[in-house]
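Before I ask anything, let me first share the structure, which is written out below as structure tokens.
Labels run A, B, C and D following the written order; every chain starts at residue 1.
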Amino acid sequence: MDERNITFMFYGLAVAWGLLAVYAVLLGLRDRDLTKQLDTLKRMVEEKK
Amino acid sequence: MRRKIILALGVVALPLLLRNLYVIMFLVPDEMEQGPIYRIFYYHLPAFFTAALCYLTALVASVLYLAKKDQKYDAIAVSATETGLAFAAVNLITGMIWGRISWGIWWAWDPRLTWALICWLVYFGYLMLRSAIDDPTERAKNSAVLSIFASASVAVTWKAIEWWRTQHPGPVLSIRTGGVQKIDPAMEQMLYVNTVALLLLGLIFVLVRLRQEEVQREIDALRRYAHAMN
Amino acid sequence: MSAPAVAAAGVWKYFGDYPALRDVRFELQPGECLALLGRNGAGKTTLLRILGGLSGASKGAVEINGGDVRASETRAKIGWLGHSIGLYDELSARENLRTFGALYGVTTAMITEWLAKVNLSHVADSPVREYSRGMRQRLAVARSFLHEPKLLLLDEPFTSLDDKAIALLQGLLAEARAGGATIILSTHQIREAMELASKVALLDRGKLVHFGERTREMVEDPGYLYRTYGGAA
Amino acid sequence: MTTLRHAATIAAKDLRSEFRTKESINSTLSFSVVILLLFSFAFDPSPDMIAEFGGGLLWMVFAFAGALIVNRSFARELPNDCIDVLVSSPASGAALFLGKAVAAFVLLFGIECVCLPVFGVFYNITWWRSIGGLLGVLALGTWALACAGTFFSALTVNLRLRELMLPMLLYPMLIPALLSVMMLTNTLLTGQAIPDDFTVWLRLLIGFNVMFTTLSVYLAETVLVR
């Protein structure tokens, strides 16, 4: 019982950190994607000028 | 400027979060009845506070959008809702893990749990609705209206659970119990410190997300410009 | 001096960040007929929808006879004819007109009269679904003139109508103008528009590039307007 | 006053065109009966069990039926752009919303009244013992479904995947109302009066209705004028 208690504590803390980390990574990925889109568009507009 | 603020907040938040993790894992004593598992609580409750604050921000921003019709408020509403969902997920899942040990089951159809789940579903619906509308003005308006309904539904459910019997532990913070000390002052203090840390992290998420909304608008504008040149 | 029939004061309409209308301002006196010209996507329909209260301006204000469009009394005096007929297929002509008539406070006797006027009395009780295209269009025209509106908003009225319906519509429009009604119609067909219009407005990418009296040059040379003020495709 | 008159016109129009085509009545009614039948195969319920979850079962069916009905509510205006004519008419957004909600209520309530005897036959229940209270509770629950459903139908009418989106948004919001009405129906099906400690459910249901109706009436114009 006690051992499971400790394991589950680790699970709990891991989930708390893990979920927030996953969200942070998702934000980062979206950020990269948006920056790439923006750059491509900017270059496209420059070329057309 | 915005970038620097985010960076500065990160510099404060990250060490604080790490320090808290260290303290929570190694320095605070075990709770007498529950053993080590209670440490989850240091994330469970602060995550709830952060999520609740996010939902509240989303409501205020939605009402402001309908009053002022400024896309800025729509961006705030969606950023806050998304961040709120992330923290609410932490709250829900840590709660489930705690319940597995303390109650022996992953999920109890308990009023508090039900309420939290409904909240999550309702605000997830908000994001679904957003992704289905293309015109930004229409999207902002309809989702602002939905957000108001969501808060109303959440408030009703919140009220309703007071009538039910719950097996969820009652309030422990001394501000909620009227000064009665239910937990060790050191524990309570740690709870506050980690709440601050998670709130900071939440703020960073919202700010980053807000910037993304702005970049998205910039992209849309450029795309239109490029089309117009053709 | 009474209030103008239509007054648009600096109307902007944004779709997201995109301005579909930019600072449109004009005034129309009662009894005037405005032809709203411009290429596709210039904002003609958007402007008409705002004038009809179907859509709100992002900035600026619209007044109809000195009143707010979203006030019920104001809208009771507006007649709307959009791209589609705006009728229920499963209901009969009489039921359709009764439904809309009830919203405007039109009597049953007047509905019977209108059915005769648009030559649909013999089929008044069969569902609109069974009508021919021309019959549906005539009924749509009747629907929008039913309550003797003081302001008529017509979106591309001549493009989808057949000859009979056009004749009917032109007759009704002339009648309405004689009765002091104000008319705004958006259109591609410059010739037909010029016959009716007393004023001409030209929209280009959301901007009102020209607003003024109809002149002889415009009537004689359909290309004149676009050449002078721009805005052609 | 004018608002109510306009609402009545809209409701009458909606009901008339529905009875003309019977599109949603037929599909919803047959769907509900089939589900009731399937449930009775799946559970083979004893009288005790029915006392415990009869109301829940019944309201599951009604919630599905309700989503089908309100899906058509504003979608009915899409062909020929009738919604434009209605919004430009003197009727206010609130009147349009109320009229459509009343029409949905009448349709759904009618379907429920047909389903109830079918339910009684399949599950061997004497459901009519407290018919007055039962109808009252049914009406309250149905209004919650019709009101929230019609409003969300206006919100989602222009979307791709509208049929999917509407229930996804609607059901989570309706949980408080559905839960109360299920509890109340459970007791009433067994023929008892509502016990004292159940008045909280009644209060919750009424409170939900009042709040959703007020919000919808207040926000309808915002949603309909684009």
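One rule holds in what follows: a residue touches a chain if its C-beta (ideal position, glycine included) is under 8 Å from a C-beta of that chain, and two chains touch if they have at least 3 such contacts.
Predicted model only: the values in this text are computed from it and were never measured.
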{"item": "Pair joined by more contacting C-beta pairs (C-D or B-C)", "value": "C-D"}
{"item": "Longest centre-to-centre distance from chain B, chain (CA-based)", "value": "C"}
{"item": "Identifier of the chain whose CA centre is least distant from the whole-structure CA centre", "value": "D"}
{"item": "Centroid distance [mean C-alpha coordinates] between chain D and chain C, Å", "value": "38"}
{"item": "Approximate Å spacing (C-alpha centroids) for the pair chain B, chain C", "value": "49"}
{"item": "Separation of chain A from chain B, taking each centre as the mean of its C-alpha atoms, in whole Å", "value": "16"}
{"item": "Gap in Å, rounded to a whole number, between the CA centres of chain C and chain A", "value": "52"}
{"item": "Residues of chain A touching at least two other chains", "value": "none"}
{"item": "Residues of chain D touching at least two other chains", "value": "226"}
{"item": "Those chain pairs that satisfy the touch definition", "value": "A-B, B-C, B-D, C-D"}
{"item": "Chain D contact footprint on chain C (complex, rising order)", "value": "49, 52-56, 70, 72-73, 75-76, 78, 80, 82-91, 95, 99-100, 102-104, 127, 143, 153"}
{"item": "Chain C-touching residues of chain D, taken from the complex the two chains share", "value": "2, 5-6, 9, 12-13, 16-17, 20-21, 79-82, 84-92, 221, 225-226"}
{"item": "Interface residues, chain B side, partner chain D - complex", "value": "66, 114, 118, 121-122, 125, 128-129, 132-133, 138, 141-142, 145-146, 148-150, 152-153, 156-157, 159-160, 163"}
{"item": "Chain C residues within the chain B interface of the complex", "value": "14-18, 58"}
{"item": "Residue ranges of chain A in contact with chain B within the complex", "value": "2, 4-6, 8-9, 11-13, 15-17, 19-20, 23-24, 27, 30-31, 34-35, 37-38, 41-42, 44-45, 48"}
